[in-house]
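Below is the structure I would like to discuss, written out as structure tokens.
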């Protein structure tokens, strides 16, 4: 019962998960396992690069980890005891294999592979300058900018070149880099995207979430810290902090929706935080009802928290099918709301005549909420109250999360009354931003300890490309289309 | 959150789901929808036959309904306002397309298509006799026996021939038959396998479960009764009962596990019955614990029932991944219990130091139970108590359910103490057979109103082929292998 | 340089090739080789059935032998030292796998596999009667009729049943049958379709043409005679002739086009016969020209014969590509005659200003001839004379050859002058029917020793289905469409 | 009947064919046609890039043009009236899609696509230097060197940068380049590889051979001259010659084997040249024989020339199958010489007891020659004389032709007597180098007008990489393996 809902069209989407391991036999097989556990962070494509001491080996594929990287021939083609991997969700039509990470280049210092979670917010500007100087890009990915900055750096050692490159980029990045000398894992100074470190026997593992350690049987050691570079060379591990120290601002949406509930993020159980948000919601927005019903699967922990805090029974009022196909042909308009019924069916016998509280993690466009409220009404619910375990999502993210343009965000267009009308609910409430921080044992105040820009518009970095009215899509404009 | 768990290796498996519709534009598209809702009853193959007033059209495919029958070209190749379909799980290696239903034959009375849920328990004997008389079988399916009995019957009309055939077969059958004159739906005299009837505007729909009506937007009318033939010819519906009346014995496992929780079976909500079994279990086998944890997903309703009856909080202690691949390569023995971790991960932060009650619907071989108990212990549980929402499964089913041979059933080999030791639990309890009947508002007594042979060994029919020590595999011996 | 041209749309098409081997290790592998050598007789589908002493094993596939039966896994799935196979070209849209031979049935006498080259001309009538008595057909193939006649025969032994069946069928059949007791090869009493017998070490081989023996390294022994059944049981070979003797009438088109030039048919080299037809044509229809140009590849032997007899030099005036795709998109009408240019290109430097004689084996619809004459003119030919190495094709074949309906045969619609105009040639001549017989060292007279019905309309059998105005397509009407 | 034999393992292989068109609606469709006609120059992969006035569009695929570029969806994805394409045969294991041309890069001057026939003989050295300066290579192709030289050139305009790049490369190159401003076609100063120019209505076409013009319906205008750059911008065509003039040395093997017989190369019909080589061979190496037999298909023109010059009849003594699969499983050693029999079968009836002259275009390793001589003997030939329509191949090619290493070239290892013994022929002769020049209406002398290094070792350029003992395989060492 995974709280992250892979099928739902109306969610923000984390764009990437990364994993790396140094010093383990069968490094690529472990990486495949780890990526599988991170699959919810990117379902579109996956890649693994291994290093056998002499050569780098890469396999990239569109689609899921299972089906591509559970094949014996693929794993045998990725020898070595160092490997890193990437799962990806892309925002544009440019879903070609060449954008699938890890990216790789032959530099004068030797091979260089990189896996990136986040988004470089001045990538366009840097790319234009690099091309002007003769660099040739092979992808439309912002990540490739980092590689060319390393390749053309005037510093001598790979590490100095890499730091030189990072100092030129803005935005969010958790990175895992492989070179012939070793593996480097790092997080941007604000620590916007997550990255943790674990151990399995003698090997070191890096991953976006602790669940990827669990699946490998590894023990969670600590988070890579904002602004930290962890360098693994054989059995030696070093840590350096080349950036000026700033207050960290990790993405708060990891606790709301992105991370798996069984992960530990920032020393807190994601499941417990979500239950606590549900409890906050019960206090902030109580309702007289018969049943608490989660919108499956991501609403379940908050619904349990709401039910326990309110004393209203938790019940499965919506049954979700495991067998989902999107495109069933609809024979005329006899069959209404077909899409949502393929995924979810009301537990009619339970709901008939009851006052229900629906709990969901967030509302983006509002289209799914509308359908689910209608489904409850058609099943005979007497009243339908919607409670949302995050504040209204009103702003786009430029740090590696796929958000619709602002004009499509329901909360950017309508006030609470308008939203309640739009989804046809009897009532609608969102947890407050302070309530959300409270569930994380924090207080927002003036110096927020999280990036909450999607709720507040308070962006922690400059947005160079965006301010130039450039968008990610400009990358696509530069390059050939590969049919 | 579907209680039927499609990935689990250690469950009994319903072998089929069937669906039919007469009198609806786009009958094949509706059938695809219905089969999709019945996918949990058979994941191996699917087929649909339509009739356009002149010709029959069939598409069969290995794999799921989605991916095969959500394609426009496939549905366009299945014209007509009458259609029936079938999803299948097969028990033997003989998974060839020729065994995928609906089966079809050109008879002297015209085309004849048949979809069957159940198992003919004297099929081998009948087949031998038919081959002796010159019949040529094209499949290794028991269902084909019915077609040849119809083809070679001495009666004149199709209906008389069909009744003549049914009177010769023993076992379990819910059938949907299509002929140029109309559709016939029927259930065997004991009503072992389910079949319900619904309406969508002017059309009539038959399906194994009511969820298939829900997904189409149809209204549930009634169950087809044991021993009843419902004949639909255009807008006319007739019902006949050609068999001697006997007391019905529907399969009790439909409420335990097979049916979806949002289905209505025998006028009872499957979800409510499961919660009630959980409540019974709380009364019969209470335990002093901190958390009630369902084994996802099929243990969830009983766990909610157990938690509500016992007052112990319901919590998600096991997180299930949506992205499951079976065959990830395991790099050495460093990674233990990998299979189960790919599917399920312990919510470690929740479980640490707690006394937990695990709720599952049934135990077949016991292998998964063992792994899940171990997973709880590794996550730091102080005590692990297993409670099972059905009696011990001790006998094979011969009525269309895939059961392991008796020697592999844990409860056929060990007593309660042995089973508790085997799964390494602190305690283990099953609901009693009387408790199970009670949850269904019945009492077992001497004349049980359900088939509960898998628990009791009390088979409601003769088992001709089985008594001759013939097995399903004999079919395979007769025929060519198709590589 | 194969004279049989697999790509050409405007040819009569042999519908089948068959091959069988008894008593050889790796029988299926040998059969795959043999079928590969017979691929020109049927390019649409192929199948092999083997018998391992206990079980029959079958693999059927759409497409060529190479690509399907050169795969190790496929051949390993076909164990045993007896095997037979079939390549097929089908005439109707019913190209489903179920029609691909060998066909197989479980009879009361045991397994029965059959591969058939030819066409049963009373199959429809027999099928209707069999269905009336309760037989269920699984294909729309005329061949299945034979199996049901065997299955329902009142005789006791398989051999008696098989002879009983053959006595009821009319038309053309070369058959290879496999049963647990052994292999039976036979030809219909008129011997319309070919079948030869060879030896490879201790094993016996049957094949449609001697090239299939060559490719296996087997030696050609003799033809199976018209009306003969050759029965192979282990190392014992018996021959029986259960039919009343009649004068044989083998298909003369085998020498004109169907058989490979390196085959021996009726004790004559096909290549030599074709050269001799070319020489006859030079005598019957001389022309004052600079070059003799074959229409590749099937016109080559006759062109060599024509060139040697006339003294005009043989030259490659048309170059044929090995890389043919049918469906290249044509950008507007700028690119004319594209289809033919993809296959054939004029050797412009050679042709410019020359008088050319084009030699082709036959004209069916005339469409290709028209394009080739135009190609010569566009390349600058001064005169284009067409000479055809067979008489005008005026009648349909009902014995296993795909002929267009009569209305589409150029020679059935137009006289010689009309045909010459249609193809825009300066002159056109066909070899005479007597000239054709002469090239075979025979004379036609009143009792022709070949079936030449396509030229003369003199059919050697009754045409029961055809006379009832039934056609092969009626089979399709009986059965379901399989999408 | 294509003289270029795509299946034969024992030939030198041209590695590429290129095609470009500017100013034609449906430019990509025309390019697909042209590449199809050039398929014999590279069967491993193909690619097309089009330019629609704003964007470049590319599709690359492993395999043949037909099957990949005859698909409507592919061609629709390649809009625009300018396009170029490439067919490729590669020598190393690195057959990844990233090496398939046209290669593309976004330069500061805009998009840049390039298709290359030939080989840069100092590519390794240039690459090392470019990487040292920060360039990142995306392929292991020597062609990419040119792109980076353009990207990093200090000149301002694209044309100046391109000329600057070409002046740094050594070796053989016929190139078609596309930029937003137009198309550039050029040949290296020695004109080693071919390139011709044609017209179709208002558009300009470039292609490796004239057959590609024929298939499009275009007219052949002239060859692009050695050292010439032809620049097409809209309807304007310019020609520049930036290199110091040197005597041209086109590859003589184009007339021997690479080009199609229906092409015009260097103003001479390839077919006529081959016939003339055959005639030379008849004069230089006459033999008393009954039959002249071509080794199909590439030996056919020379065999016709030999037959006409000698008066010995030309006959098809070897029949070639169109249906070739390489990997048929061989059941034991019963079946000898299976590989060659799948491709070629002796026309036994013709050969029995005859003295035969076999004509082939060249001998590389000698393995096929050996098998063909044996095939003739097994078919009963009284004597077998082999005549080869080129001089002995003794040296490797470094200009874009796949030659085995010298140690595997039969003529590099053995003298004429040794070769005769090796192939078991009664006699063996090669045409002399002077005879070959004579067939081209030239004389070799001291200043040869062709590159004949494979026969003479007289290489017309320095071989920088080779002299450094670098090989093409070093590219592969630099880069990651892509599984």
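We just call them A, B, C and D in the order they show up, numbering each chain from 1.
The rule is simple: a residue touches a chain if its C-beta (ideal position, glycine included) is under 8 Å from a C-beta of that chain, and two chains touch if they have at least 3 such contacts.
Quantities reported herein were computed from a predicted structural model and do not represent experimental measurements.
Between chain A and chain C, the least number of touch steps comes to 2. Counting C-beta pairs in contact across B-C and across A-B gives the higher total for A-B.
In this assembly, the C-alpha centroid of chain B lies 50 Å from the C-alpha centroid of chain C. Measuring from the averaged C-alpha position of chain A to that of chain B gives a distance of 37 Å. Residue positions of chain C touching 2 or more other chains: there are none.
Across the complex, chain B meets chain A through its residues 1-4, 6, 24-27, 29-30, 32-33, 36-37, 39-40, 43, 64-67, 69-72, 75, 200-201, 211, 214-217, 260-262, 264, 269, 271-272, 294, 296-297, 300-301, 304, 308, 313-316, 318-332, 334-336, 338, 341-342, 345-350.
Across the complex, chain A is touched by residues 49, 55-60, 74, 77-78, 104-108, 111, 113, 131-132, 134-138, 147-148, 151-153, 477-483 of chain D.
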